């Protein structure tokens, strides 16, 4: 848990998140913490009313909480009443993050181009741009105002990074990729590597050059160690407000609608078209050349082998069992069609008698 | 879509791909595009006859197409008749890529060793080698003629990169790894990290040093963010003409036969022996110490837990269902052995009556 | 197979691994190799008695083997009797690794800070620390004695790396992360990237700043291209003696108990609590906010969707089938609840007659 050097009052927090200041709003805190770990110097939150009982013994100084849950808090703990505690937590955490960043600020962080970066003379950099050491900025690259490119990043020729976006260390962005404004791309992610396109040519593979690129919209966040391939002819496209977790594979010519969230370890094959506001669970696999409608929710580790044309909640995983039971179930599973035939046979006999 | 600055005639394209020039072969184009997006300045292709109807309204100037499909094209569109349109597309795209590369060429790209690279005096570099800034070339490394190592790459001691191979930014190659000729390794991939070998020693793990290495054949392409571990004693081996997509895990002592293709997110455990010309679908899992025959095709997300000794097409995934239906199916699934017993009991009764 | 320049006697090996020297212990070897590939200059081992027959034709000079298996060896091959051949192999390989390292040693490897590294004046470095070229060591970083940070590594502000730990090339460690002593982190892995935390705010996502960090215990090994996210409020925690393979995703606030092993491609969602000494198979998926007991073993590719409260061996994968058979099984599977109803109906009829 990281703490502020100087405390902040509940009143100031309530102003920042637009909540009515509670009685006792002169009380000050130094950090945020979970209900279980928070002490007298910390603020916490209760997002899910089902876990209301977990707040009964909290030692937190104050808790962001719904009006209807507030009675659970011990009397020493100050409730800050909000309609959506999780969103209020997000905003409060944003405030703490800014205070911590100011506290940590050092001359190393000032907007500046490191003398150890390699910036092409043909690149165009906006105001207040930061470029870290070891970073390579190719010919024709455009960096918007306030862009921060950390250390050892590779920006290919003619790539464009929109204003205020942050690119963490070790990221590789291939030529001609476009990233929108207010994005964040986490460490060691790759955007614009070649799509996996090959044609059989006898015993060998003829490589299909990947002549498209990647376009990522505004306010997107991409996790670490994720790969987004460039298109074969047309571009691979992520809309605005897409959030993508770590170790995700997005193949060539995939399109992802605005506001869709993709959890870690997901793989999406070429030319899949994913709708808006979808929630794709971790390690889901989606084959290529299909369509997922808007507002589809997919359980983790489900395999999507054909289009999902209707909004809704979909699943498809094998239940976990103790190993010996799993062995028996798996053995019978192979004979399911035979079992059905035998059942039909019995039904027929039963109808005849 | 990237366009040429100077147009190219259909005649010139037909020469390059060894196709008969059509009537109207003086027509010129500036780019390739999909059937849906192509306009009067673009060339397209129809690879799969099943989607023939999608070509009926194309605005493309010309289309690479099989003779038997050509009648579908609008009269303004010129058919270029080829026996394998996908392969013809591959070759045409290769031609466009070369023209685009020439168009983009800048002094930065000239074969040269960046003054910001760290190249061991004990390394051996062929002719026309490019080494980017921030790249580290260890002691005893051998780079063949025409090799291009991009920025911020790490080449461990005694590693060998064959002629004309390309290593993209951020790749790490550990010591003693050998890569063949005409390979391409995409960004942030790791080759030669330690295999996952440990022996229990009371409450701790005794690490088994990984004394083998990795050998990759000629004309292989490895995607981005992929990991190929070094062998424990013997080497991990990829044959010639292997193509491996992004985020693939290839564990120690795996061997992969010539011409095999491995899609994204696949995991292959230690000492698995994969045959030649296999097609391994995305996110397939293959356990260790087993054998996959030549010419095996595996559906995406299938789990291979024992040897596959016969060529063929294999699958093993749970079907996707609406969540409430999935819940019911999963609940019954656990009782399959019991259902079979009860069915047998009824059959017995039925035979007795 | 890497060979020593100078041979080592079996006697010396037996001393190092604490085994009784066999008759013939003046015999010398140059390398270790598998039973199949070993020749007269090599030492091998037989770990698993079930594969005893594979040792019958070995050409190895000597073999680490259990007393009860030793009779299988050809007469020319010297048995070195040990109670746990796999552990003895680990220790012997460690000895060979040290000899090879000494053999490879070059001035480049001497403990030193590369002049091409960027080390903050506010960082604190122990004795005999190595920092490679292109590596960035942030403000307030603490490196213990004997730490080796390879090339192009990014160490965020205030991160701490314990004594004798090794960080391979291309790794990114975010600010405030703590790594214990004697750890090894393989290339291009990311520790401390933001957890995937967002709250819906209309059509957009409000990012939840990730104010926690990551703490990794002593003697942990983390593979290549793995991602471990920082906590939202509290820290993400790996205990001591945890071993984690390549391409693993560990989300925010996960805790992993001492001695647990996690194979490649595993994904663990936020706030999961994994016990001690667990063995998590490759590509397993574990959802968030659940608990796995100590000593749980999970088969590869199993999906864990609820807590596992009891030690034991768990599985949950679909069996692999020839594709046409799979199609039939998958088609019937959807109707399982209906089949059960029909079976019940028949049972009822049968009881009535």
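For clarity, chains are labelled A, B and C in written order, and residue numbers in each chain start from 1.
The rule is short, and it goes like this: a contact is a pair of C-beta atoms (placed from the backbone, for glycine too) under 8 Å apart; a residue touches a chain by one contact, two chains touch by 3 or more.
Note that this is a predicted model, so its numbers are computed, not measured.
**Q** If you fit chain A onto chain B using only Cα atoms, how far does it have to rotate, to the nearest 5°?
**A** Angle of rotation between the two copies: 120 degrees.
**Q** Where chain A and chain C touch, do the two copies share over half of their residue numbers, giving same, or under half, giving different?
**A** Different: when the shared numbers are divided by all numbers used, the fraction is under half.
**Q** How many angstrom between the C-alpha centroids of chain C and chain A?
**A** 25
**Q** Scan chain A for residues touching two or more other chains and write them down.
**A** 134, 152, 170, 188, 225, 247, 265, 283, 317-319, 321, 333, 336, 339, 343, 346, 350, 353
**Q** Which residues of chain C touch chain B in their complex?
**A** Going through chain C, the ones touching chain B are 1-2, 31-34, 37, 84, 86-87, 89-91, 93-94, 96-97, 100, 104, 106, 108, 116, 132-134, 150-152, 168-170, 184, 186-188, 219, 221, 223-225, 241, 243, 245-247, 258-259, 261, 263-265, 277, 282-283, 300-301, 317-323, 326-327, 330, 333-334, 336-337, 339-340, 343, 346-347, 350, 353.
**Q** Which stretch or stretches of chain A touch chain B in the complex?
**A** 118, 120, 122, 134, 136, 138-139, 152, 154, 157, 170, 172, 174-176, 188-190, 193-194, 196-201, 203-209, 211-213, 225-227, 229, 232-235, 247, 249, 251, 265, 267, 269, 283, 285, 287, 298-299, 302-305, 308, 312-319, 321, 325, 328-329, 331-333, 335-336, 339, 342-343, 346, 349-350, 353
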